[in-house]
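Here's the structure we're looking at; comments come further down.
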Amino acid sequence: MIDKVDEFNAYRQKMNDKILGENNKVLKRIFNLDTNSFTEGALDKNTKELLGLIASVVLRCDDCVKYHLESSYKSGVTREQVVETLSIGTLIGGTIVIPHLRRAFEYWEILEQKKEHSEAEE
Amino acid sequence: MIDKVDEFNAYRQKMNDKILGENNKVLKRIFNLDTNSFTEGALDKNTKELLGLIASVVLRCDDCVKYHLESSYKSGVTREQVVETLSIGTLIGGTIVIPHLRRAFEYWEILEQKKEHSEAEE
Amino acid sequence: MIDKVDEFNAYRQKMNDKILGENNKVLKRIFNLDTNSFTEGALDKNTKELLGLIASVVLRCDDCVKYHLESSYKSGVTREQVVETLSIGTLIGGTIVIPHLRRAFEYWEILEQKKEHSEAEE
Amino acid sequence: MIDKVDEFNAYRQKMNDKILGENNKVLKRIFNLDTNSFTEGALDKNTKELLGLIASVVLRCDDCVKYHLESSYKSGVTREQVVETLSIGTLIGGTIVIPHLRRAFEYWEILEQKKEHSEAEE
Amino acid sequence: MIDKVDEFNAYRQKMNDKILGENNKVLKRIFNLDTNSFTEGALDKNTKELLGLIASVVLRCDDCVKYHLESSYKSGVTREQVVETLSIGTLIGGTIVIPHLRRAFEYWEILEQKKEHSEAEE
Amino acid sequence: MIDKVDEFNAYRQKMNDKILGENNKVLKRIFNLDTNSFTEGALDKNTKELLGLIASVVLRCDDCVKYHLESSYKSGVTREQVVETLSIGTLIGGTIVIPHLRRAFEYWEILEQKKEHSEAEE
């Protein structure tokens, strides 16, 4: 179960490399912007991650939710902050969001378990 | 194949329990509303189920379609009524809906087979 | 205010005539299907109108909502049935649906007033 | 131009009153949740307003954007924070978001002018 | 009626200038990409314009449709090509697209009339 | 990996047959239109395939993307033309499209490998 994170990231990386390997200027710049726009500015990094998370949730994109859950987790966002963000997303986006909510909660738990697991191994 | 219904429901229930376990007021109330809003009122239960089904189809949410197919089935909605509902959803939502239509027809058949199977066992 | 219905229908008719005047086979058939698919079948006409209404609401298409509100009104659907349909649409589609809900309520009132007005004139 | 805010709010309030006047339990509870879910919790009010704003932008709902721009403005969110939020929304939601961005910038300016105007009158 | 094109473009330009005046790097780059990605490459300009048009239609963005109709018109795309593109968009996107189709046909006619008008004046 | 194409097509065909077996007039006509609207007219077949592809991408329908990738491939569309189409779709639809882009690139490679494999066998 814990490997789901690594598996997701490996596929993501492999295909991103292929896409960028096409040397299409538009795609390369969009990928580049995606990396840069979540750095601290007038808003801190954690807030930006939660903005990315709620946008992904209401647009119902599971892979985008996973991506922002992991970067939120690494950036130090708390479980309570994620839950509040998801609750606002569900209110705004409607019950149609709920299946994505289930998968988001599952993925967040895997991230927490992976952390515990890696700490236990040290 | 028949077990797909049980598997879907088990995952749904497990994750719903976790989500509700967060004690987030907004999420709890939305889940509660979801259960309550499909009870008979000015519209009968079957009509409400079909309203839930077509909304799920045009918003292209497979899990929501499955959920409403099962509750429609249990509520006594006929195959012909489901097909007409899905046809209106496909006209309004466009051919982009068709992949979800395929999975909806497959799930409805599983529900019918599960019923026959359980009757054969009695 | 009452003329908003006539104005909407006049524009609709004028542009539909132009679109159909292009003699594009795909468009002509889709328009034709749209007219035909709301006739009574395994589901009665009122139920089909409400299916069209909720699909329009969750897809957030004001003109489609207006169209189905008028045909629902003419078909004898009650205010209570419309309100229940819109409430399920708002739950499923989320609070993002609310601005469309406001315009739907406003249009339904215009339809009711237009009826009263025309009856008073007789 | 400044009156656009008052006009928007007056229509909003008038129609919300009518909707709530229907005494539909589901609608009343959703409206109630909408009011309550943006209060401070694990996330502060400003962050929640920006979450509401980006969700509205990527779902391309002009009225929802206006509503969250005004509550963000009143809550003390800065222009720079709004611009960063809108920029992330445009990256995630695509150039299809740009027309809504134009109207968002226009509305934010009206809010700023209204403030200046009211201060000048004092 | 003919002035609708100028009015649309004036508002577009005015607000784009304001948005770019914010000096937000993400927004500036997205606007820049938008200008550049429709230049001839493996696909000719007309084909790219029609790709932009159908994407705008199925995502139901009136302003984006207007923008691509005008650039298609200027690029020499024929009425028949536009109609076929819109017909595929309506089939894929469903009847929910039809209100946008009406406004698209109206705008295309304005573009044609504006051309005739300007030729008559010479 | 190469069998993914055959597997996808087999499921598609099996379920399409069941759907058409319902004898629902609306569904039969929509399926029929879907087959017919991609034939050469004012636009050539390749352009129409790319219109179908970008509409599927921005509406984020993986199965529809696969379908149009295969028919584009068979129709002689080049890799460069597909990449440019996908890049415009990503710009218009936003980074939310990227997960679908990954799966699109993967599927296109499978189509290319399947071709090479079948040529090697001759």
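Letters A, B, C, D, E and F mark the chains as written, and numbering starts fresh at 1 in each.
Criterion: a contact is a pair of C-beta atoms (placed from the backbone, for glycine too) under 8 Å apart; a residue touches a chain by one contact, two chains touch by 3 or more.
Keep in mind the model is a prediction, meaning the values are calculated, not measured.
Common neighbours of chain B and chain D under the contact rule above are A, C, E, F.
Most remote from chain A, judged by the distance between CA-atom centroids, is C. If you match contact pairs by residue number, over half of those in C-E turn up again in just one of A-F, D-F or B-D, and that pair is A-F.
Ranked by distance of CA centroids from chain D, the top chain is F. One simple way to say how far apart two chains are is to compare their mean CA positions; for chain C and chain D this gives 28 Å. The mean-CA centres of chain E and chain F are about 25 angstrom from one another, to the nearest whole unit.
We define each chain's centre as the mean of its Cα atoms; on that basis chain A and chain E are separated by 33 Å. Centre-to-centre separation between chain B and chain E, using Cα means, comes to 39 Å. Shared interface positions of chain F, defined as residues touching 2 or more other chains, are 26, 30, 33-34, 37, 55-56, 58-59, 64, 83-84, 87-88, 90-93, 95-96. If you draw each protein chain as a dot and join the dots that touch, every dot ends up joined to every other dot.
Residues of chain C that touch chain F in their complex: 25-26, 29-30, 33, 36-37. The touching residues of chain E, when paired with chain F in their complex, are 30, 33-34, 37-38, 41-43, 47-48, 50-52, 54-56, 58-59, 64, 78, 80-81, 83-85, 87-89, 91-93. Touching chain D in their complex are the following residues of chain E: 11-12, 15-16, 18-19, 22, 24, 26-27, 30-31, 34, 55-56, 59, 61-64.
Of all residues in chain C, those touching chain A in their complex are 58, 90-97. Per the touch definition, chain E reaches chain C in the complex via residues 60, 83-84, 86-88, 90-91, 95-96, 98-99, 101-103, 105-106, 109.
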